[in-house]
């Protein structure tokens, strides 16, 4: 390992960093325009979205190249552009954006995948009425996501974060006429909110402690050494430093978005949305946002860690990640909905990323994030293509033998599947997952995560094999014969497939280009990368595990096609476990009987209090008044009225007298006015005469 | 008897005449004429005070008079417009006849 | 030599007044000038009538008066004698006092207008600080006499003519005022002598007359239009449109009173021409710097006669407008242009002595003119019309 | 007290009286203009040249014409049969007399305190203009707005119920 390059802060901001804001701004503008378009203007809105996205991609690439050149010349680029949004006395609310390797890589990934998915959607959504609205939402989402990526201020990040949440809500519930979709949207929104509350708390706390919202601000930012040392001295509850506590809070937000264990429930349901949405949100971008967030505030998470050691926050991240990885993989085994399987596999892969972040640092987690973004988007879009081809059939038991019907889809899907399983050497997934496993093996705290992740890898290989053999092998079990999708859908698949393979090259131990890039080290190609202790073991294990998974999967399901109604192979083997898994380990039900039930009960209580207690009080008071009123009426009728009527008569008589004056003649009024003036003037003069 | 007093007396007389006209004539337009006369009496006062006042160079009185002339013009326009409309409506400009608010 | 020639009338006046005791001199001087004016312009009027008739004759391809005296030059004398000796008829139901007062008032108020016109260097009756305002104040009071004439003679033609005249005069008085205000804005004074002085400079031998500036040209054109309407001259001579109302507000006048109206009309024409000359054509200043030796009063009167000729020319050329056309033209076209012109004059002053101001100001005016002209062309609504005062 | 003053005030008061007393409405209007003219001349006598000319321009040039128009439009030019004074003219006259008495009394009361003849101030139109757009610019703006509003209002009021007339 080479020594890290001394971090050279750049005060001079390059022009590209100056206009970095355009990258998210363009899609948002496109969305704004599209929002005003008539539903019939399908072409325009699609063109707008794709055009803006391609511009963003262009800019992102420029930014990336800029960072790259800076890195090649030997210093870690970190350019920040900050400005004060609101000035409140001494405190100022600052916004800003940052251009560093992390954001640059993420920018390219998001805009590239986004663009491909946009193009894909033009084919997939071709028959939808609300085409225009769809692209409006889509570009808004992309803009928000890119905003999250470049944000240098926790406030700006949170804004974009929430915007992402909102747009994901809109997109998941895009077919709001389907009750399931509407429910899923609501569920996603609420579940992520739970995480966001903690996230907001974390931000506020951070602001309170460091007095700045900016992450990087030439040494005075909230996650730069100066303020970190402050944070470390602040003790918080149960032996945590303020830094650790804030880190955990932020992680809660990240867990919400990235569907980590307790908050993962929304992700599978979110598959009710259109498949491009699933690909965009639930593979590439939104769910990655959580991981990216952790990577962004990594200095905070890592603060106080001894050399090679770890911190409380990171430990938590690791355990949650590892557990989620295995847990979701288990559930994925027993699902029959093609997209649900992918969803659970996404959850488990996110778990891998989290674990990677927790144990191996930014680079490891991010590398898996990038590779996964590509091959999972590929898988989702492949699934979308399959669904499209099978006339909106999503149950894998009603498919089969599609490899002959839709060869292109099959090819790309297989590549994606192998990448996801981490098939040795050739596929990016292998290298990224390998990095995580290696980190897990070296982890000082415990070995358990390592074994969990290995088991997770086995499961991954297994359920992917199961799925692919259900879908593409055997013979056709559906009703209408399937057909290959149009080029506009398959071409993006091909591109993604290419990346799914090629990306591996930049993260091999032999040439750990990506890691060095992110961590600002000079990189080099040396075969001693393999010589690192235990690396070969790890690679070997994972290879074996993957092959085992593939073998098992093929053994159980390969090339034979059970009829839909007859039970699953695994079900025949171990029915109880299967049932458990099929019902997703009853997490939803658990929430149902705990949280939701509690809320329902509490609502009933409140209702009861309203009705009985307050209602009773009000009625009591009211009745008292009613009684009093009756008394009054008695008095009125018998005592007051007589005298009052008398008085009224008097008044009307005298009024009649006065009314004589109101002749309606202007001149009369004028006369009276003049007389009054005369009187007043006379008094005045008389008084002043003496 | 100072000159100012003379002007003031003339103004007072004009005012009284205008008032008398406004109070005694039947024709609405002539009532308006009376009001115009009263306004002009006021203007005469303003100018006279400006002329004999302590600070003529500040022009306050004259400005006041000029503005009141402008206002009087506006007032005449609107008043006569009203009279014309009333005449269209009730076919009379006799104030004694106009004592009902209902058309 | 040229100086004395230039100032000859002033010197003459001083010399004559010199005979009187000092106390009376100022009063006597004023009286003298008044007498001169009162004598001069009627003579000019007499001349103009014959010129006009002969000119119209030329335009209409006939001879015109050529009997009385050489080339009929004594025609006005004959007319004068005739109108003096004719019986003065007053209609039975006419309001005698008003009927009598109207022409007198008209002539008097028109004469008063000349008091502030500088007819040459140091040749102004009263050099008033608010001369222009005075002129307009007096001019406003002519409308009243017209109305008196029309109303007092108890004749519906007269009344209609008078109402037309008054309506038209009021409408175009606004235009007249606004187009003159631009000059006041630039010259920075209401005093006509100062305005003339302000125009009495030369660059490369060319004068700084206001007509030679974009706003000045526009203002002059609109001033001319308004002046034609103010004096009830053709093509704005509806008030005395013979074909519609016998002779407008002076239908019921005859003899000397009629002559007075006639005189009043021409005097109004003279005075307004003089005003136009003073405001836009540099008053008594010479058109070229090398002609300054020619006496200033010659320049003034030649310009006066020139604009008179233009009046006559227009009368011989243009057909009469219709009432609604007249009004629409005044309120919907000329007035907006005037307001715009005010703005342009302000711009001119604001931009200072730079070449851009020529470009900007002319561009604005031309564009506005074309735009509004096209607009007016587009919406020509012709239909049954009723006039308020004719109900 | 100059001789001119007496003449002018006599003229003015006569005009005003005529305007109030004459039977024929149009005559009243014309007498009113006489009164206006007298007032304008009084202004000139007070060295308020600008105000005087403004008076002529506005009152004789505009208001008088307006009044005349109004008279003709309301067919008020012919004198009504049953008297031109309202039934309560006596009371009105009494009130007016009272007002004059009070005002006159006030003047005579304070005549000792009134300033003696001071030398006439000389104001140029320049000064007036400067103070109009300088010190008194706000009143000027307000008056401008008022005039605009009054113009629009008058047009709206006087417009016929029926459309399409000018």
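By letter and in written order, the chains are A, B, C and D; residue numbering begins at 1 in each of them.
Simple rule for what comes next: a residue touches a chain if its C-beta (ideal position, glycine included) is under 8 Å from a C-beta of that chain, and two chains touch if they have at least 3 such contacts.
Values in this document were obtained by computation on a predicted structure and should not be read as measured data.
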When C-D and B-D are ranked by contacting C-beta pairs, first comes B-D
Using mean CA coordinates as chain centres, what's the chain C-chain D distance in Å? 28
Please work out the Cα centroid separation of chain B and chain D, and write it as a whole number of Å. 6
At what distance in angstrom does the C-alpha mean of chain C lie from that of chain B? 33
Centroid spacing, where centroids are CA-atom means, of chain A and chain C in whole angstrom: 83
Could you list which residues of chain D touch at least two other chains? 50, 54, 62, 69, 73, 86, 88, 91-92, 95-96, 99, 103
Can you pull out the residues of chain C that are in contact with at least two other chains? none
For chain B, residues that touch 2 or more chains besides their own: 19, 22-24, 95-96
Determine which chains touch and list them pairwise. A-B, A-D, B-D, C-D
In the complex formed with chain A, which residues of chain D make contact? 86, 88, 91-92, 95-96, 98-99, 102-103, 105-106, 109
Give every residue of chain C touching chain D within the complex, in rising order. 95, 98, 128-130, 133-134, 136-138, 140-141, 143-144, 147-148, 151, 159, 163, 166, 170, 173, 188-191, 324, 327, 385-389, 391
Within their complex, chain D touches chain B through residues 1-2, 5, 9, 12-13, 16-17, 19-20, 25, 28-29, 32, 35-36, 39, 42-43, 46-48, 50-51, 54-55, 58-59, 62-63, 66-67, 69-71, 73-76, 80, 83-89, 91-93, 95-97, 99-100, 103-104, 107-108, 111, 114-118, 120-121, 123, 127-128, 131-132, 136, 139-140, 143, 146-147, 149-151, 153-155, 157-158, 160
In the complex of these two chains, what residues of chain A are touching chain D? 667-668, 671, 674-675, 677-678, 681-682, 685, 689
Flag every residue of chain B that touches chain A in the complex, lowest number first. 19, 22-24, 31, 95-96, 98-101
